[in-house]
Structure formats: C-alpha cells, structure tokens
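Next come two complexes built around subunit A: one with subunit B, the other with subunit C.
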Partner chain A sequence: MPSEQKLGSAIVDTVFANMVSSQNESSLLSSEGDSQRTQYPYVTGTSVIGIKYKDGILMAADMGGSYGSTIRYKSVERLKQVGKHSLIGASGEISDFQEILRYLDELILHDSMWDDGNSLGPKEVHNYLTRVLYNRRNKFDPLWNSLVLGGVKNGQKYLGSVSMIGVHFEDDHVATGFGNHLARPILREEWREDLTFEEGVKLLEKCMRNLLYRDRSAVNKLQIAKITEEGLTISQPYSLKTFWNFAAFKNPTVGAEGSW
Partner chain B sequence: MTKEHANWSPYDNNGGTCVAIAGADYCVIAADTRMSTGYSILTRDYSKICKLADKSFMASSGFQADVKALQKVLSSRHLIYQHQHNKQMSCPAMAQLLSNTLYYKRFFPYYAFNVLGGLDSEGKGCVFTYDAVGSYERVGYSAQGSGATLITPFLDNQLKSPSPLLLPAKDAVTPLSEAEAVDLVKTCFASATERDIYTGDSVEIIILNANGVRRESEQLRKD
Partner chain C sequence: MSSIGTGYDLSVTTFSPDGRVFQIEYAAKAVDNSGTVVGIKCKDGIVIGVEKLIASKMMLPGSNRRIHSVHRHSGMGVAGLAADGRQIVARAKSEAHNYESTYGEPIPIKELAERVASYVHLCTLYWWLRPFGSGVILGGYDRDGPQLYMVEPSGVSYRYFGAAIGKGRQSAKTEIEKLKLSEMTCRQGVIEVAKIIYGVHDEAKDKTFELEMSWVCDESNRQHQKVPEALLEEAKAAAKSALEEMDAD
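So, the complex of A and B:
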C-alpha cells in the first residue's frame, strides 16, 4: 500500500507542479488550484449492493445525497435503467453520476440507431463504463464514482463493479464503499445460487439494515431494483424497521472500559 | 507557499502473486485468483493470466486496471501482427513488445508486475521477468507480485539454477519433469498463502507444451 501511494503522489505532484507553475499569482492563492480537475467529491451517495438471484439481478441503494457530513438530499435515485438489459447503481459524486447517465443515454441511443435487432448487454455496458472511468483517471480528472452494473441478456446473468480509477471485476455479489466492509461478509455467508426473489430481498434488507446502523452517511429510505430477462422494476422508496435496543448498542463498552 | 497535494491516488495495489517456470520442453505459468484492495477482498475468482499468443502467456499482478489495459494493448498489437505477418508472434518477440509497451509509459507507468511464459521457436520453455517500466531478462523461473519475496528464495533452493555469471553460459531451464514442476508451483502457492495476506483463494496454472495448453486449478486457503 505505501509504495504505490508514493509512486502515485510523486507522479501526481509532478503533474500538478507543471500545472501550477504555468499559472499566475492569483490562482496560486485560490483554493482550487486548477479548477478544471476533480479534486474532491461534493454531493455523495453511499453504498450500493448487488446480488445475482435465481431469475436475475437484485440491487439496493438508499436515497441519500450527503454534502460532507450533512445529509443534504433524501430523494436521490441512485439506481437507473440502462437500455433493455441493464441496471446501474452509483455511489460517489452525484453530479458525476448524472454525467455518466448522459454518456450512457448517448451510448444506448447510438446502439439503437443501428436498428440491427441487437442491443448492448450488461457486459458491454460494464466494459464501456470501465473504459470511460479508466481514461478519465489517466487524465487525472476522475469521475468520482463507484458503479455497480447488473443485468440479464439471453438468459445470462451478469453483475459487475467498477471503481473511480478503473478497477473492475464481476462476481455473484458486489458492493461499493462501506458495503464492501459490512455487506460482503454477510453475502459471503448467506448468498446462494438459487435465491428466490423474496429471499434475495430479505438478504439485501439485512445488509442495508446493517449499513444503516453503522454507516453514518446511510439514510433510512431505500429502493430495491430487480432486473430479469422479462424486464426491470425499481421499487417505490420505503424504510426499514430498525431495532436499537441491542445490548451492544446500549452498553457498548461492557467488557472493554475506556473503549467506545 | 505549500504545494497542493492530491487526495486521491491514480494507483491501487490489487495484490496477488505470479510464478512461471521454464522446462526443457514445457512452461508452467501460474497466478492466484484473489483480488484485493486495502484490507478487503474484492473477489476470490479473478484470473491474472492472459493468453497473448499461441505460445505466450502473461501473468501480471499489481494495479488491476493497468494490468487489464496492458493486456488489451498487447492483444490488439498481436492481432495487427497476425494481419501483417500471417503468423503468430514468437514468445521472445512478444517479450520485446511487452518491454517497449511498458517503457512507453515510463513517466506514468503501468503499475503491473509481469511474468511472461511460453515456448520459444525451438519448443523450449522460456520465461521473461519484468519490472513496472519494462526492464526485462530471460530466466529459467521467476515470481512477481506480493508473494514474490516468499517464493523466489524457495525456487532458488529447489531449482538450483546455475549462476548467470558462468562462462560458457549454462542453460537456465530446469531439468525437472512437467509433473514435478507443476507440483512445485502448487507448493509455492500453498506456502505463500500462509504468510502473504494478498495471496490465496485459488491458484490457476497454465501448462504449455508441444501438445498444446492445459489448465489446472487448485484451491488455496481463503483467510
């Protein structure tokens, strides 16, 4: 971990030094440096979780848009349809997600204009997103998102993930952000190939509830999306029942005085 | 005036270990299938091995997005070569191409640690080992990635490679049989898995010989 951080920051510092030296005094004093490049995210969405189940893919995300430590927006739709066969879930900078949706809109439009009876499947869309994110990372101007891409085409289920620097993979269950730490372990224990829709939803809700307890940027208003060969549905927003009377919540430092 | 520091890194280490061993008439290329980030495992079933040509397989660990981009660049260059020359690239030719491709990005490197394995034009096993910016050499065996420091000394001991300083140069390919070499590779990964947190889950082994390609897979510890 340290060595590529050093390598990365050495390269990034060289690039920034070249940029900064060519600018005048006043922009050196400005707090954004080169204002054309993404430095930090502003409005962010938290975890997205996706699982394969018997008939297709299930994905869950809450509807929060945080502005740093403020939960500024509570009706952000982070799950969206992409063409006939795919579903995208995004975490990270919301405005970058909106731009990605515009790229995808154009991609699907051009694909449909070929009018050749073929349509882009989830694997193709995932690959396209990977290339877009990787190329932006190469230009030191990333789209600050972690994306989950799922879908079904010709009976084949597909579920993949891609991060803001282009790291991508596919698996039976994926999650972004805190979901990697809190949801994936649950999924590793309880996911099965032949989950029914009801079982899948219960499993996702278990993960989302866990995130609600422990992720401070989570909000209790979520959507679950389902995509199968037949089509896609995104649920109406709803809330999870929570229980706050666990002994561990009420007396967290029992057995470990001085801890928190 | 303090310089601004970026708060994101264009690189990440997704871990993993790669090994290749050259024999008199075979080559073994192996890599684990774990993909990690930080202290998390992203997936337990990700292949780090890519077939670049009929007789050239590349195993790469490091930053996965760069590895994938590198694989794509080399594959498409090979396709162009086939169109222009009406034949497959030889392993030593692919080795040079990989070196040039890596050096091309000398000032924003592919964070990829590669081992290229295959058969040369005489049918003998060949292994080429690289650093991130294209420095390479033909060797009898090599390990790269997070578990390389654990595996290389073991391979040095087991394969008893002759010194590269000897004159006349002694052949570096191992006299071990194919089955013995595959078993040795499995042992290497089992050992590296014990002590390296980024290595584990399973190991994918490709065996190249005159009869073609064979693929084996062995489960490793998942902790």
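So, the complex of A and C:
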C-alpha cells in the first residue's frame, strides 16, 4: 500500500514541520547550486538616521526607491512599526525589507498569542534581526539591507543598527549608508542626551537636508517617526526647504569659454 | 449507554456489525470525562469559558492554559487529553499561518474549522494512528462576523450559537438555550458563561476548579485575548452570588 505509507509519512512530516521554523528553502532538500553567490540589489532605499532623545527615539528616512541610478519609486515607506515597543527603518533592497517585515510579523504574532502579559522589546527584536541577517550571510544568500531598530520598553530607550553581514551596534545615534558619512559627524557634534522633540526633529532635518544635497539617491520627500513609552507615530510625508541661491549657481556658464 | 464492542473495538479501522467505529466512540469518552468547555456567540463576538479542574494544590493559577489563540482573530478552548489538544492547536496555528501567507488575508473561520476537522478526521482513518482524545470549541471573528464551531474527535464539525463539551455539557447546554444570545453583548456574555460554568461544576465529585475565559469581540478590537482581569473578577463574583441564591432556595 504505497499511497497509504506516503500519507502516513506526510502526517509525520507535518508533525515535524510544526516544530521546524518556517524558514523557506536552502534546507537539506533543495539544491545548493542557487545559493553559491551573493545577489545584486534591484530596488534600493538610501540612508536611515536614528537618534535617542529625551522621551524616546526619533528616526528619519526619505521615501525613495531607486532602480540603479533611476529614482523609480517616490512613496516607499521605509519606517515601520514592530509590535508594541519598536520601530524599524530599512535601507537597501526593498523586497528583502518586505520579507523581513513578514518574519517580524510572524515573530510578533506568536509572541502575542502566548497572551502572558509580556511582549518583545526593541533589544530582543534587534537581536533576532542580527541572527537572521548573520545566518543568511553565512549561507552566501544575504538579505541586502541595513536596518535601524529603535524603541522604548519599560522606560528604557534602545537604538541599534544591523548591516547585511550581521554587524550590529547599539548607540545614541545611528545611521545607514551615506548617513554614516554625512549625518553622523553632525550628530557627533550636536547630539545631546536631553534633546526635546522639536530640537530632535530640527537636528534630523539638518542631517536629511545635507543628505539631500549630497546623496544622489536621496529624494525630497521624507517621514520622521517618533516612538516613546506611550506609543509610535510616523509623520505624514513632507519636503525640506532647500537653498540654491549661491553666486556660482546663478551664472553657471561664467568662466566656461573655451576653444570650442 | 454501555455497549461493549467485544472484538470490534480493537482498531479504528474496524466497523462493528451495527455500523459503529468503537475506537472513535471511546475517544469521545475521553472528552466527556474532562472539565466543561462552553462557547457562545453573542451579537458582537464570541466568549469561550473553561472549567479547569485543578489536579493539585501545587499548581500555579493561570498555568496549564486550556484556551489558546490560533491567530489574531481566533482561539480555541480544548477539552479532553491536554497533550492531544495541544497538537490540534499547533496544527490550527500552522493552517492559519499558511493561509495568510498564501492568500494575504486572515483565514476565514469556516475554512479554519474545515481544516482542523479534516486533520482530526485524518487521524481516524489509519490503524497506526489513534484518534485525538480531545475536542475543541473554536471561536473567531472574520469579515462575515463572529462564528463558533465545535470539532469532535470523530472529525465532525458544526457551526453553533452555543456549544458545550465535557462533564457538564448536558446542563450547560440547557442553560445556554435559556439565554437570548442574539441580544446579548460579549460583556454580558462573559457574566453568563461564568454563571453556567460555576453552575455545572459538581462540588461533590470534583475538587476545586479555576475559571478560564477568553473572548473575541468588537470591544477587544476583534482580537482573541483573555477576558480582562476586572471583568473576569466581576463575572466570578456574579457567578458565586447566583450560586448562593440557588442554594438559599
């Protein structure tokens, strides 16, 4: 009775499948050929900046999704809520970010189904993401993202970042990509422990404006998210004012006479 | 009631001459001997309550949960063998997760009930598997509103306004039939379920019990969760005083 046996082993398999995590392919059963090299990112988001402030965490990211050097999508939400206590901002491959959001959704769901009065805080989520990213990197099949994870739980503020190879930091201010080079120096000079909400937003806007001038993949449409003990808000998209009234810009062709 | 199926009751793949599968009936007896589980459908949601018989005074209150969340919008109360029940819950969670993964929306309760019932039934078809020794009352809230289903060890599943399994199911069902469920909110339903469970608990035969209750309703934002502490205490107090009134007669 071969069909009966197949069904019987199907039952056993489903029993074991319940215990094994729902991470897909790249298991003992699939062919190793496809994951022997890293990928290339296709649609990417640029820098995310996060800072601690008096009441919690502030995070900023623009809404651009670049397709190589083309700015293809201009309404990509790169800041998302994770459970009750955390906020995630992602740069890098957008489709991998969507996959990460699915993993986090499952994580938060199973945590909430215990219904035991506890919930995962930002430190735990950050650690989980680090494990996921590092293990994928070890299989030469990375999730091509740099993530910023911030939140407040039981009065404790937490802000950290993880890169696609699993390098993780925890700090008072973090950034991904170009933000590390253009925003962090500003933050090192001007960040203080007791920033108010308004001061924090001004500081973030100063960094984002700098990125807008100098990062070719930046777009002038951003969101700022705030997370405190009370809860999370993500602002409506808005634009920064820019200043182009420099003398050298006014008459761009001056001094351009040449032999042709 | 007692029909010994001598010879025809050794395997779940054997029918008796009068068309019964005794192993499934014996599995149902495991459910009948366990603490009562009650579920009702009110106009704005579902309430599930369990009479959790306490085997030992050493047990921590609030442990050994008999009601489990299956997804955000649904939960099930388990009667019978606890370990078998845990497998059913695990399977239901897995089905709910797969459905949402594939179709992008939370699993409709009807679909979930069908899948659970079909899994329970599967385990009655092969001689190398034994039937589940537990039945579940599954309640959930999807876009068709609140729904209540019951799945028995035979794999049979029906949709109900009110359902009860376990020791006190006969008297519980009688009590449920007296209620006007279509006009009741879940807040009121919680009190009624507590009264029913306290009412059917047999002080003489069983020792103490702990009341465990959960709901999915508009008030809980259509999420399945434990009934809030304050309301639970209110329900217990109302149930106890209703008992005293009855005893006073």
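Note that in this section the second predicted complex is superposed on the first by the 207 of 260 C-alpha atoms of A that agree within 3 Å, B and C clash if a C-alpha of one lies under 4 Å from a C-alpha of the other, contacts with A are read in each partner's own complex, and residues count from 1 in each chain.
Assume contacts are C-beta pairs under 8 Å (C-beta built on N, C-alpha and C of every residue); 3 or more make two chains touch, one makes a residue touch a chain.
Quick caveat: nothing in here was measured; it's all calculated off a predicted structure.
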Which of subunit B and subunit C A:171 touches, first, second, both or neither: first
First (subunit B), second (subunit C), both or neither touched by A:140: first
Touching partner for A:150 - first (subunit B), second (subunit C), both, neither: neither
Contacts of A:40 with subunit B and subunit C, given as first, second, both or neither: first
Residue contacts on subunit A - larger count, subunit B or subunit C: B
Subunit B versus subunit C as contact partner of A:113, first or second or both or neither: second
Shared subunit A contacts, counted only where both subunit B and subunit C touch the same residue: 4, 7-8, 11, 17
For the subunit A and subunit B complex, residues of the former touching the latter: 1, 3-5, 7-9, 11-13, 16-17, 20, 28, 33, 39-40, 130, 134, 137-138, 140, 142, 161, 163-171, 180-181, 184
Contact set on subunit C toward subunit A in their complex: 65, 68-72, 87, 90-91, 93-94, 97, 101, 122-123, 126, 128-129, 214, 225-226
Sites on subunit A touched by subunit C in the complex: 4, 7-8, 11, 14-15, 17-18, 22, 102, 106, 109, 112-113, 115
Residue ranges of subunit B touching subunit A (in the complex, touch as defined): 1, 3-14, 35, 37-38, 40-43, 45-46, 63-65, 68-69, 107-109, 111
